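Listed after this line are the structures, all set down as structure tokens.
Note that chain A is present in both complexes that follow, paired respectively with chain B and with chain C.
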Partner chain A sequence: MWSWVLHRITGVAIFFFLLVHVLDTALVRLSPEAYNAVISTYKIPLIGLAELGLVAAILFHALNGVRVILIDFWRKGVKYQNVMFWIVIAIAAIAFLGFAPRHLSHVFGFEI
Partner chain B sequence: MATEFEELGAVPSFTVTLFVRRFNPEDGQEARWQDFDVEVHGTDRVLDALHKIKWEMDGSLTFRRSCAHGVCGSDAMRINGRNRLACKTLVKDLDITQPIYVEPIKGLAVEKDLVVDMNPFYQAYRDIKPFLIASDKPEKERLQSAAQHSKFEDTTKCILCAACTTSCPVFWTDGQYFGPAAIVNAHRFIFDSRDEAAEVRIDILNDKEGVWRCRTTFNCTEACPRGIEVTKAIAEVKQAILRGKP
Partner chain C sequence: MSIVIEQPRSPRSRKSANWEKYGWLYMRASGVVLIFLIFGHLFTNLFLGEGIKAIDFAFVGGKWSDPFWQVWDLLMLWLALIHGTNGMRTIVNDYTEREAVRKTLVWSLWSICAVLIVLGTLVVFTFDPCPAGAAAELLPSFCPAK
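Here is the complex of A and B:
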């Protein structure tokens, strides 16, 4: 249940990111200056934290997507779905903990 | 000392609060929660508490039950947010320090109180042809090995209580999805070596509203009071469709 709920929430969140991302990247075809101006507005702590959330959402969504594929196509997928859920959480958490300090050091300008 | 002696081995009684979702189509009011304080024994089930309300406190309370022993599947309801059979849920197993919430199963139209319109549910069941289809007319019984039977033994346990189908978020959205129960009963015949119409049922379920709407939420498996691995059965039907045969 909760993996399913989280999958929907992260999926919609990633969709909205992609929408904005496609729009701002498309700006470069209109005018490189406008593109630079928009991208420079992203260099604030709030967006930095949002990027942290984006990476967390993508990590869960991608790994859980693999889990869903295995549930559908691997004969024993249904049997091990709960174990696979916790493996997804574990891998996502490890990857996130590797990413977060480095990313935050860039956002807030400190050394690790 | 004497009272202590008398109470030895006695079943403890306690008072619980039940919040029951009430709806009467004739009084023109919206559905609402009504609370009842009920004195129950340690061995009582939620169904006993509902009986106590109906028989001693408010005779207008309406719910379905028939055998009252987990066989007929009439009294599936949403108890503390989970679909269960009221006759198989002991009150003491719930958190009795908190009120117990009892409401009708979701996704089917409420007719009165805890009674819902089961017709869409039964229609999906009928649509998958839940009966043996065989061309031969044997003089004796149709034989089957234990190994052949084990393929679908799990799905023969279904009692059509609708706990699975009405726990499914996909079914909640528009009620068009066949639902876990219909697929479980299709599975029961698709994987039966004596049946000859597996392809027909596979074709029925290879539909926009068939097995592909399953999003592997696993609510159905958790809800089943018979312990059927419902999502597993659905996955096996999906794989049968991909293979084109059971």
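Here is the complex of A and C:
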């Protein structure tokens, strides 16, 4: 049940980011200055941290989506749904730990 | 919306196409494709090179002068917006109680989806990486103004 709740919450969050992201990217059609002005807000530390949250949400939603597909289509999917949930969490955590230091080094300008 | 539960073993009515089934299949099919598209997008834009610090007009101009990334981003736009809107529709269907509210919200969701798909598609296809009169230092390196 918690995987279902998390799938919904991360899905809604990603949806609202997608709306904003299509609009900010559309500014390339207006002028280089307009696009650069808006995209520079993505580089401030607070938004840089929010991007970590976005990537974490995407990682969970994507991997749990694979789990949902396996539950639906794989004969043993229902039997292994619980262990697959923890596999999802583990892979998401590993990928997140691979991404976070690199992203933070870009946002805060340090070398790793 | 009151819930009507059909009698057990009653055959599915075949008066119209089974849209809910196609929606259900779409979420899974588009989801699999989006995993590749979005992780590829995150890897090239946020992980490689200087990551978020390197993203500006010149970066986007450089990417979209290549049809490969135009098609990539166009596919991502269409698949993700329809996937997200259909997911939001599912949530609206689950939590709204009045039919008029439900219909208004679902209609709004698909309207926003359509507007953003049209906007995004136009931007990808009509984008000029070297707009006349723009400051040269903001443009990609291949622009004649450089």
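Here are a few things to note about the model shown:
The rule is short, and it goes like this: the second predicted complex is superposed on the first by the 112 of 112 C-alpha atoms of A that agree within 3 Å, B and C clash if a C-alpha of one lies under 4 Å from a C-alpha of the other, contacts with A are read in each partner's own complex, and residues count from 1 in each chain.
Here, contacts are C-beta pairs under 8 Å (C-beta built on N, C-alpha and C of every residue); 3 or more make two chains touch, one makes a residue touch a chain.
Being a predicted model, the structure only gives us computed values, none of them experimental.
In the superposed pair of complexes, A:Trp4 makes contact with chain B only, with no contact to chain C. Of the two partner chains, neither chain B nor chain C is touched by A:Ala13. In the superposed model, A:Asp72 lies in contact with both chain B and chain C. Of the two partner chains placed by superposition, A:Ile87 touches none, neither chain B nor chain C. Once chain A of one complex is fitted onto chain A of the other, the partner contacts of A:Pro32 are limited to chain C, with no touch recorded for chain B. For chain A, the partner with contacts to more residues, out of chain B and chain C, is C.
In the overlay built on the shared chain, the residue A:Tyr42 is in contact with chain C alone; chain B does not reach it. Once the two complexes are laid over each other on the shared chain, residue contacts for A:Leu52 go to neither chain B nor chain C. Judged by the document's definition of touching, chain A residues 68, 72 lie at the interface with chain B and also at the interface with chain C. Of all residues in chain C, only 28, 31-32, 34-35, 38-39, 42, 46-47, 50-53, 55-58, 60-61, 64, 77, 80-81, 84-85, 87-88, 91, 112, 116, 119-120, 122-123, 126-127, 131, 134-135, 138-139 touch chain A in the complex they form. Looking at the complex, you find that chain B touches chain A at residues 169, 215-219, 222, 229, 231-232, 235, 238-239. Of all residues in chain A, only 8, 11-12, 14-15, 18-19, 22-23, 25-26, 28-29, 31-33, 35-36, 39, 42-43, 48, 51, 55, 58, 62, 65-66, 68-69, 72, 99, 102-103, 106-107, 109 touch chain C in the complex they form. Against chain B, in their complex, chain A makes its touches with residues 1, 4, 68, 71-73, 75, 77-79, 81.
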